[in-house]
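Following this line, the structures themselves.
Next, two complexes with chain A in common: one pairs it with chain B, the other with chain C.
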Partner chain A sequence: MSSTDILMKPLVSVLQMLRNRVISTEELLHRTYTRINETKSLNAFVSVVEKNDNLEFCIKDDRSSILKGIPFAVKDNFSTRNISTTCASNMLRNYVPTYSATVVKKLTDAGGTLMGKTNLDEFAMGVGTVDSIIGPTRNPWQYDFQHPNPDDWYIAGGSSGGSAVAVATGASYFALGSDTGGSVRLPASFCGVVGLKPTYGSLSRHGLISLVNSMDVPGILARCVDDVVFIYNILSGNDPRDSTTVQGKVEKVVIEENPSVKDLVVGIPKQYHGPDVSPEIIDCWKWAADIFSNNGAKVVEVSLPHTQYSIVCYHVLCCGEVASNMARYDGLQYGHRSDGGFTEEMYAKSRNEGFNESVRGRITAGNYFLLRRNYRKYYEKAQKVRRLIQTDIKKVFDKGSGKNSGVDVLLAPVTVSTAPQYKTFAQKTNSYRTVEHDIYTQSANMAGVPAISVPVRLSQAKLPISLQLLASNFNEGTLLRAAKFLENASSFQHPKFDF
Partner chain B sequence: MLHHCCRCNWLKILFRSNFCQRKLSSSHFNCRLFGSDLVPSTSQWIEIKEEDLPSKTILSLEEVRHVENLALVQYEDLNFEKTILEDAIRFADILLTVNTDDVEPLYTVLEDESLYLREDIVTEGGSAENILKNAQSVMEDYFVAPPGNIALSDSEHKSN
Partner chain C sequence: MVPSLFMMQRFLFPGAIGCKPSFILVKRYNCSSQKNARLQDDRWIPTVGLEIHAQINSKSKLFSSAKNQFMAPPNSLVSNFDASIPGTLPVINKECVRKAVRTGLALNCKIQKTSFFDRKHYFYSDMPQGYQITQYKHPIAKNGYLHYPTADGSVVKRVKIEQIQLEQDSGKSMHEEGQVTLIDLNRAGVGLMEIVTAPEVSSAGDACAFLKELYGILMRIGTCNGKLAEGQFRVDANISIAQQKTKLGTRVEVKNISGFKHIHNVIEYEIKRQIRIVEEGGIVESETRAFDYETGFTVSMRDKEIKQDYRFMSEPNLPPLHVYDDSSVTSLSNPSSVINVDQERRNLPKLPADIRGHLIESFHLSFVEAEFLTNRNMENYFIEVMECAHNLNPTVVWNWIKMHVIAHMVEYNLSSIEECYVSARDLAALLLLLHNNEINAETAYLTFTTAIQTRQHPDKIVEENNWKMISDKETVTKLCEDAIATLQCTDAKALSGYDADKPKSKASKQAIKRVIMLVRKNTNDKIHTGVAKDVTMKLLNYKRTS
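Then we have the complex of A and B:
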């Protein structure tokens, strides 16, 4: 890769080059296809759109569009018209949607070129992008492209790992992921890219295959905060096809080149130091807290006492909603169908063959929690704990003057460590990994608030360490401003991978 | 400390936490000059002990089978599924230690927002071909299902 790798440039510069005809969209697409090929061993893509289909599209393109043919990738749980959408599951191996998700359509309507569908944990249930029908996605950091070792590499994080890797390697300028408990922020942090989980209700979920409806949001992965802002402004807003998108609250975000944080109150949520956090993560967190306070922000300690229950709460709510959402896969209308003498027998066989063990585990646990005798004990209890978690967060963002309130953004770790090695990670169960890695990301989904993962520095093992910022609902403007400040202050640089 | 199952380490992580040691925060209480002083040096999680939890749910194989029939998924090994389910329940038991008196359940984070349905106007139609496109078995404009009205548990007896 040359030092002036056009595929790693910020969106604004590439758009400028396209506008000035320094490079053509065709050339950009050729280079992106080459990059996808060079990074094939990372297994970031479930499927890649035929080159000729895309070239035909870009020749037709009148170049007046906003995105001018810029290549992007989409997690394979967003419906894409006439392009297979597998959710990395046998259940949907042959499924070809007849419509596109609103967020995908907005991007193609804006002139973006869809390069392909990226890998994930089956139905987005996981934190590693290792439980997929096409096999695991590999993290490009510390990966030996010349002599890849089949077992010795770092995981990409998940479940939007394919999207994170595509963006980190320049195989896409940006990508869509989905974030239910941290699935955008976690892989973004492991792969050294920026990952935004917007406010619940600010981006349309229409066409995103449901995992946990009350928490799912489409997320944006890109290499810098400005690019995230650019794409967020294209995607956000009410969609008549998704009644949970809110009207009149979403504003276009504009960020200065060097934003000030002098007027910001930055909260340090003390419970985000939980058990077994790597000291390197804590050091990085401290460094960032100083950076904010040294630049005039008021840094305060806040308490979110129910943080540690969020993972348990998520476990119950997720299993419950999964049990309900997965009921649609019966083999009749779409998806894998097995032989069976009777209807229910056919359903059960299709589902056994279609779902992996982890998905089936969540379905059965969910059915148990939803049993009439357990509903109040577990499901309703979890919904009550969810309110406590939401109230904790609401309170600190409240514009009161009291202690533990009046905060603009929260500064916290994304997860407990840098990317783990595959061989260590593979020994643990899917559920344990979720418990281990989603503990600091889930609260944002519980409360619906926006959160972002920003790469800050490298660990001793030369792996990215990221930090998380959270803001109040529909306050993406403040969130992204603080993120841009943190990005400017950090020493993180996108590497030149040795393809 | 809770004992945890070797396959499912769910419980382990919550129970291993160190009790919050307040040494640092008290000495820094009066000199909050730097943001970094506010980042705690030790875990701030509360330790949950085995005795805080209700007794562990042990399921009978019939109960596991019942849930399986409702879920319409099956494991080869019923005992394996029993362990997985029991672990999932044990993990959920942690919620029972949280006081939720007078707390209303939260169904959606948009409970205070006005949400609108779109106008009840037909905007598309004639989609039968599209709708049937992904089905594996169709006849004319119908999905084809095998004979119904037989529960999974009964049908297994029949096919055995």
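Then we have the complex of A and C:
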């Protein structure tokens, strides 16, 4: 791989090259297919679109489009017309949608080339991209491409791990993920890419296969903030097919090359300073706070007192909605259907064979929480706690209220550690891993606010450390400006992988 | 639309879902000795609460753009959302909301400015999502009431409407012989209004009277098409018996009854069944039963014996549903895009009760007559006829509309009076000819059918065909005198049977008939037989007495 690897260049500069015919779209696609092949052992893709299909598409493209045939990848829980969409589950192993998700359609309409569907934890339930029918996705960092060791590698993080790896390795300029509790930001941080979870309702969920409807948001993974901004501007806005999308127009985000943060108040949530957070991350966090402060931002400590309840609250709400959303998979209209037996028996068998243990566990728990006798005790209570967490965050961003409030962005860790090794990670249960790794990302989903994971530096083990920024609803402009500032200040280098 | 790839047109799988009737129960509590049951009925107070599922008359479904239509090929009206294809989301159909609001207003409900949708979970093969989207906790309309006349119109009663909720209809399962079930999702996702009454009805007759009034209202305001055979107006009845009015007994729910007669039978049957159980020392079980249309019994729905826990939760994909009023609509940037309750109230047509009242008061029609016209949307036609010809007898006009106009519409399956080519003005002209003895009933009917065929004015038809009758008294008297004279000469016996004291006797009638027949012959059938009859009687009376 050459040092001027075109596949690792920022989107904006590649678009310039395509415009100036320094490189053709066909050439770009050939190289991308080669890269996908070179990185095959990472298991980032569930399925890859036939090369000929895409070449045909890009020849037809007249180059006047916004994305000019730029390759991108999509998590395999977004519906893609005529392309299988498995959710990494046996249940949808042979499922081919007849329509495309709004966000996917916007990208292909803008001239993007869909390379393939990326790996995830089954139905996006997980934090590692390890619980998938095609097996786990491997993190390219510290990965020996020449002599892959079956056990000794780092996890990609999840559940959008395939998308994060595709972007980190240059197999895609950007990718779509979905973020329900941190599923874009966590793998982005483990793989050293930028991961944006936009405001709930700013991007359409139409076609995104539901996990938790009230928290799911399509997310954008790319290698730099500018690329995220570029794609965000293509995707955001109202969709009549999703009643929860924003009404009216969404302003396009424009970020300067070297944005100032002088006018910003940066909040440091003290509850995020947990004992489990690795010292390296704490150190990085402190460094970033200083950088903001040294460049004129006002850095204040803020309190989000209900943070500690977010995990259990998330668990109850998530399971409840999962139980409901998964009810449609009965093997009748589509999906896996088991043979024989009476109807109820067929349902039970199909669902048992179709879902993995983690999904079944959440369904069972969710149905338990929703039982009439339990509803108040669990589900209703969790909704109340969610309201408290929302209020916490709303207050912190509220310019009108008292002391230690009125911040523009929150600066926080993404998770407690850098990417863990597969062999240690695999020993823990899916739910324990979620508790451990989603702790600092869930709040944004509960409150709906936008958040972004930005790679900042490398740990001693040469693994990416990222930090998270959060802003108030529909304030992507400020969020991305702060992210761009942090990116500039940290000068994180994308590695040269030894494919 | 969903391609046949995912939606199997004819979809087979083994297994017997649905209700297997429990025949043992039926036999044991079958009310064969009605006499006995009737004797004890008085000691028991039945209480009935009703849940009506009225299909909303809308072009498309409640949350998808698929058409709402009956009798289409199976699974041809199914959108991705209706088939629960992953990733699809509900989008509320404003027309359905508007119709629910209209219904709420017509039933004197408080329209909720903000209402919410919930998911009600249960597995059923014709409900592809595994849950129904409904309004469980915060429905669109609450706390209404309806005044309804009992069957003969003698008493007006009142029933409280607890709530009206918007919800999805399910698809249809057809359980065929040979352990195969076919599923048609055309109906899946069609909008329903579930109208829930308080348990305040105390007899099958009252329940039917209420339902008929409700039905009439929905038809009148156009929120339901009301085709009973197509299941567009289905009723669940909660029935219990108790010895005191203040205490309700254990209720039994009978689900999915269509047709007023069936509803009447179900409630009657169920009340008797419950009385019989209790009188025999048994206990009425709280259960859901189905009505067996063939036997007329209700049977326990065995697979639902285990109490369902619907695990309600709010529907996260639909924002709160807002409706507005005159004052709140002004603050909106685009007021025409929302539903204004006050505007809907202003747009409501006159309701059946008011129409009937007007007909009874202004035209002295009976309740049954007024109801007949109202139920058939014929009141305006009737009123227009009366306005064109004030001196017509309302009952005669009503009779004509019933016997000829409506009969014609029924025969040719006409859905509205506009399709029948005899306007109210034309009918008035026709009935005036009849009223003035210019034509007789027979000719009137002939003129009516000709008018339908030729779309000509009755006056013109009568004129052109030379159908006007000889009805002026002087001419008729002359003609009758001639005929009597002729008969007396040629066939004296013919008139001998006439008895002035018994003008209605067989012999008298026979005599009159002979005179009329001769007059008809002499006038080439132009005589108004009614007038001639009166004249003949007078002449014959005069002859006898003189």
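Heads up, the rule we're going with is that the second predicted complex is superposed on the first by the 496 of 499 C-alpha atoms of A that agree within 3 Å, B and C clash if a C-alpha of one lies under 4 Å from a C-alpha of the other, contacts with A are read in each partner's own complex, and residues count from 1 in each chain.
Note that a contact is a pair of C-beta atoms (placed from the backbone, for glycine too) under 8 Å apart; a residue touches a chain by one contact, two chains touch by 3 or more.
Since the model is a prediction, treat every value here as computed from it, not as a measurement.
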Touching partner for A:T244 - first (chain B), second (chain C), both, neither: both
If touched residues of chain A are counted for chain B and for chain C, the larger one: B
Which superposed partner A:I363 touches (first chain B, second chain C, both, neither): first
Touched partner set for A:E436, first chain B, second chain C, both or neither: first
Which superposed partner A:V253 touches (first chain B, second chain C, both, neither): neither
First, second, both or neither for A:S324, with chain B first and chain C second: second
Contacts of A:I209 with chain B and chain C, given as first, second, both or neither: second
Contacts of A:N352 with chain B and chain C, given as first, second, both or neither: first
Chain B versus chain C as contact partner of A:Q333, first or second or both or neither: both
Touched partner set for A:I134, first chain B, second chain C, both or neither: neither
Set intersection of chain A contacts, chain C complex versus chain B complex: 95-96, 98, 214, 240-241, 243-244, 323, 327, 330, 332-334, 340-347, 367, 371
Residue numbers on chain C that touch chain A, as the complex places them: 2-3, 5-7, 11, 13-17, 80, 83-92, 119, 121, 123, 125, 128-131, 181, 183, 309-313, 316-319
Complex interface listing, chain B residues touching chain A: 7-10, 12-14, 16-18, 32-36, 38-46, 67-68, 70-75, 81, 84-85, 87-89, 91-92, 94-96, 98, 100, 103-110, 113-118, 127, 130-131, 133-137, 143, 145-152, 155-156, 158-159
Touch list for chain A against partner chain C, complex: 78-79, 85, 87, 92, 95-99, 101, 205-210, 212-214, 240-244, 320-321, 323-324, 326-330, 332-334, 340-347, 367, 370-372, 375, 379
Interface residues, chain A side, partner chain B - complex: 94-96, 98, 200-201, 214, 240-241, 243-244, 246-247, 249, 266, 268, 270-271, 273-277, 282, 285-294, 297, 299-301, 306, 308-309, 311-313, 315-316, 319, 323, 327, 330-335, 337, 340-348, 351-352, 355, 357, 360-361, 363-369, 371, 377-378, 380-388, 390, 428-429, 431-432, 435-436, 439, 447-448, 473
